[in-house]
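Order as written gives the chain letters A, B, C and D; numbering starts at 1 within each chain.
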Amino acid sequence: MRIGILCSGGDAPGMNPVIRSVVRSASSLGHEVVGIRRGFRGLIAGDFMNLSSRDVGGILDRGGTIILSSREERFKSLEFRETAYRNIERAGIEAMIVLGGEGTFKGAQIIAEESGLPVIGVPCTIDNDIGCTEYCIGYDTALRNAVDAIDKIRDTASSHERIFVVEVMGRNRGFIAVEAGLATGAELILVPEEKFPKERIPEEIIKAKEMGKLHFIIVMAEGYGKAEELKQFLFESVGNRYGEIRATVLGHLQRGGSPTHTDRIMGMKFGEVAVEALLSGERKGFVAYKRGKFYIEDFQRAGEPKEIDWEALRLSRRLNL
Amino acid sequence: MRIGILCSGGDAPGMNPVIRSVVRSASSLGHEVVGIRRGFRGLIAGDFMNLSSRDVGGILDRGGTIILSSREERFKSLEFRETAYRNIERAGIEAMIVLGGEGTFKGAQIIAEESGLPVIGVPCTIDNDIGCTEYCIGYDTALRNAVDAIDKIRDTASSHERIFVVEVMGRNRGFIAVEAGLATGAELILVPEEKFPKERIPEEIIKAKEMGKLHFIIVMAEGYGKAEELKQFLFESVGNRYGEIRATVLGHLQRGGSPTHTDRIMGMKFGEVAVEALLSGERKGFVAYKRGKFYIEDFQRAGEPKEIDWEALRLSRRLNL
Amino acid sequence: MRIGILCSGGDAPGMNPVIRSVVRSASSLGHEVVGIRRGFRGLIAGDFMNLSSRDVGGILDRGGTIILSSREERFKSLEFRETAYRNIERAGIEAMIVLGGEGTFKGAQIIAEESGLPVIGVPCTIDNDIGCTEYCIGYDTALRNAVDAIDKIRDTASSHERIFVVEVMGRNRGFIAVEAGLATGAELILVPEEKFPKERIPEEIIKAKEMGKLHFIIVMAEGYGKAEELKQFLFESVGNRYGEIRATVLGHLQRGGSPTHTDRIMGMKFGEVAVEALLSGERKGFVAYKRGKFYIEDFQRAGEPKEIDWEALRLSRRLNL
Amino acid sequence: MRIGILCSGGDAPGMNPVIRSVVRSASSLGHEVVGIRRGFRGLIAGDFMNLSSRDVGGILDRGGTIILSSREERFKSLEFRETAYRNIERAGIEAMIVLGGEGTFKGAQIIAEESGLPVIGVPCTIDNDIGCTEYCIGYDTALRNAVDAIDKIRDTASSHERIFVVEVMGRNRGFIAVEAGLATGAELILVPEEKFPKERIPEEIIKAKEMGKLHFIIVMAEGYGKAEELKQFLFESVGNRYGEIRATVLGHLQRGGSPTHTDRIMGMKFGEVAVEALLSGERKGFVAYKRGKFYIEDFQRAGEPKEIDWEALRLSRRLNL
């Protein structure tokens, strides 16, 4: 079998381990892998490269993705998709593995349905917000990056007894905020899932200061609000009475860096499961991980809501303040 | 309630987050915590210190344990244990939380049975080898440390096209070896659980060199053998024909460093569960984690065999060579 | 002699090694050290703490400053300074060591002149912009932090073939921008010292893309401009033709983290020199480092312009594009 | 001009930045670079590869060397050297840049003298022990690695109140030992340059314990002795009275990892200077760095003794105990 592989949407650390695993699993079983560069854009452009076991040597510890990624709006148009299908056929690609998030999986499903090609998705997003799977590749590394950065910010926050608003990634879900906040002992965690009234924040600050805390760190998911706006609001509420207020947006550094052992290992497992699903005749769906097991889930269930660790959020309120 | 807490045996990164969680969970519910310094040795010596919520500020990201640990043989003698019980009574300690591994839990069980004091264990060991619980505090950080070190060794192994034997911790179980080996793309993983015949290693080396691999890294659990001895054996078998052979023992650096977010978060959860178990009337047992849930397990089951991730070992053979 | 020590202005990683060195150098020679909390604010408030050799154990690898820092406007008023002098006298402080930047040294000079107390400054600022000294404590760690963050950003920039504007610290001087930019292979470095016309940036981007570069990373000192504004300007000039444009501000994480070996060692040396200067009768000035030697420099020379490494900037243009 | 480049002897982090700089500096001035794989071994084998500016993209942050290194005894034989010279001529190589230490420079000098080819050396060794140059590529990264590892070991040493012997690299010189020891607050530093009598170590341990130190860390250069032997000696002298004694050899991990900003920047500067030296007609010698300036030094002076930072050693005795 000749398997095409692509990455689409936001890159996630751990995509390279997945690619390596797909190539070597397929290769060890006598199959071939073709890398499609820049996701759906490369499908339309016919930008393909053969990937041998040697080509994926030395990428296990590399962030990003060696086959590049992109967001490609043109794939929504049937005309461009038909070009893509012709390219797939011409390249002799008989099945596909796509790495990405919910939006990517929508494209994957359309390919499977329109072209009849078997297509398996691998959930990759640092936001960890794909439904039905307990883990999405990239999340653990993003958490490490956020925790490293917040640990550093705490040093300066303590020395100056400041209030810090740290905005982390998570547009719809507060996964990074909750776990990075708990892990760094953040005094307050704000997530889009919970409508914590910002009017209550000043009293939390006062409480912490009365307890003798030198700093007050708020870890906020971008889905809750903008760091600069919350800083402004706090300044208008309490001024500098309880310490100067600073805002910082961690931004894209959360996406990079060498994948953690968890993202490497999970990436390798997800990749092998994807190959084996194709070989065992699966037609479409994404690899999901639940209670220690991998299975193939319907593409449309990727959009189902996924709950943050509410217990962690509750625990943070008990321990960190 | 007045709760005593101690660490015993090998220290594990994440013990401080457990201590912080125990102190703050107890404190938030109106209870007190007394730190017992140096484990059972401190029990015998009556070396106690009160721990307030403030005392455990700033320790979340610190390796080791602020209340120190030790291995104390004297606790096997009833005479010394009776001294310990008197100290416990004198200090008004009404229940205990002990952090450590299987040996520690044996001591904990004896205390519970002889003194009638409720005692709850928290599984802490970088070897991850305590029965019945999927996770032991310290393991994730030890893995990070091993992976960081092996990534570095691979740089020099590649540049010189060498064969490296890297000995990692794991006396009875190969947990670190398997996962660190898989995560670093080690060409061979050797664990005590599997009697991989060392006579077969030379052919593995030859196979890898024929595939064009620049280096050959063997990650070996200390329970399988000694790095220097395996190096010697390999030298006698293949000489320097396939690259110079080097041996390195990662050693104690695996135990240190700032705990990863996983060890911090798990440590905080384990700590709270331990406190709540005492408050709900549990008399003895250790906190176990299985399929996303925490519960109290019998102390003697800590010694039950725990399986390494055999799938990971198999996967490593498929992908890394 | 009883020596007071304080930190003022922005904190810098390496202040703790300086404090430890001052305390232990003084102590080993039979003198005492008093920590003044929160800089000049603590002088006014009389917020002092004795610092013994044991008190500064375990702080060598800690970011920030254990005696806290602040910016205190009230010290510009004679009334508050006189309160400070009374506090100094009452506490039996006979000499002072102050850690900070140019602004801090102005305060130090006033103390020396008004009170007659010997005062020695230690140059601490991540911006590395104090005149006459080749090194300022905190700079090496800030560089490490910036380089780590930009390395991560490059992973995602490459995967998406994006243009990134990364704003680093440096209000008046481009030290961090030049060295972090060179070290990360940034395609363009923008510093306040050089009026690189932003109108020329689009042609640089085009040139890089024609050379086959996947990404284009601009490392910009905050003294050159705002990341968001440059992103906007670039978007208006070239749109997304050469890749999507992103802006990120590294912010306060540059200040934190465990000091590098360079900041620890230099911190220890600076600290000892400060103590010995006081003991040898120096009345005022700051410790400067030039060509491998330490000496005491006039406070007012701290404000003299200090040149960035223009050779590094030139080299970056040759190698990174 | 067509320039050959090779690495020989122990690899050093920062070799890749040197290679990148040589290739891009030469290329920007209209010259070509040929990579010689595996050092002198590749010269003999004629194992060459063209290196374009694109070929050295993405290697700035990579440890090791992309053109590989080796120790090659055959180069001592004229017969093999003549093969090498024929290969050089056949490949049209007109000048050479060699990266390595003293031994490598001896080979370089012979090439220059026998073949008449201009040859410039770049000092690369983590031991930092090449005469006449204040800096050798790889040293800063090796220090970072050693300090990171010792910081981790200190966590467990403190928790168990142990005595640790940590052996670091440095066969003839104690550079890493002195600076890593000072930077980590090691209680004792042992270097080959100073005959610190091991009989005096027990009293140092006792002194530290009396001062209330929890641990006692000895950082020892391999040139002073073997960790295991010192551990044995100490055990025979003081037993476990002052804490259990442990020995650890940091080993090859010191050589790996992403080069620090210092090694990247210095590597780039050294590389450019080497190219410019060839272009300006230099016939032989190595790039040396002294007091902020680069110049070409005679090959034979590489073997001159180079002094460790005795001031740092003295300071460590004052501050760390």
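Throughout what follows, contacts are C-beta pairs under 8 Å (C-beta built on N, C-alpha and C of every residue); 3 or more make two chains touch, one makes a residue touch a chain.
Source: prediction; values computed, not measured.
Participant: Averaging each chain's C-alpha atoms to get its centre, pick out the one most distant from chain D.
Facilitator: Centre of mass proxy via C-alpha means gives A as farthest from chain D.
Participant: Just curious, how far off is chain C from chain B if you go by their C-alpha centres, in Å?
Facilitator: The mean C-alpha positions of chain B and chain C differ by 39 Å.
Participant: Centroid from C-alpha atoms only, then distance chain B to chain D, rounded to Å. What do you get?
Facilitator: Inter-chain centre distance comes to 34 Å.
Participant: If you average the Cα atoms of chain A and of chain B to get two centres, how far apart are those centres in Å?
Facilitator: 29
Participant: If I count partner chains per residue in chain A, which residues reach a count of at least 2?
Facilitator: As it turns out, chain A has residues touching two or more other chains at 151, 158.
Participant: Could you list each pair of chains that touch one another?
Facilitator: All touching pairs, sorted by chain label, are A-B, A-C, B-D, C-D.
Participant: Can you check the complex and tell me which residues of chain B touch chain D?
Facilitator: Touching chain D: residues 7, 11, 13, 15, 38, 62-65, 68-70, 145, 149, 151-161, 164, 214, 246, 248-257 of chain B.
Participant: Going by the contact rule at the top, pick out the chain D residues touching chain C in the complex.
Facilitator: By the definition above, chain D touches chain C via 20-21, 24-25, 28, 53-54, 57-58, 60-61, 140, 143-144, 147, 151, 158, 179-180, 182-185, 211-213, 258, 260-262, 264-265, 268-269, 272, 291-292, 311-312, 315, 318-319.
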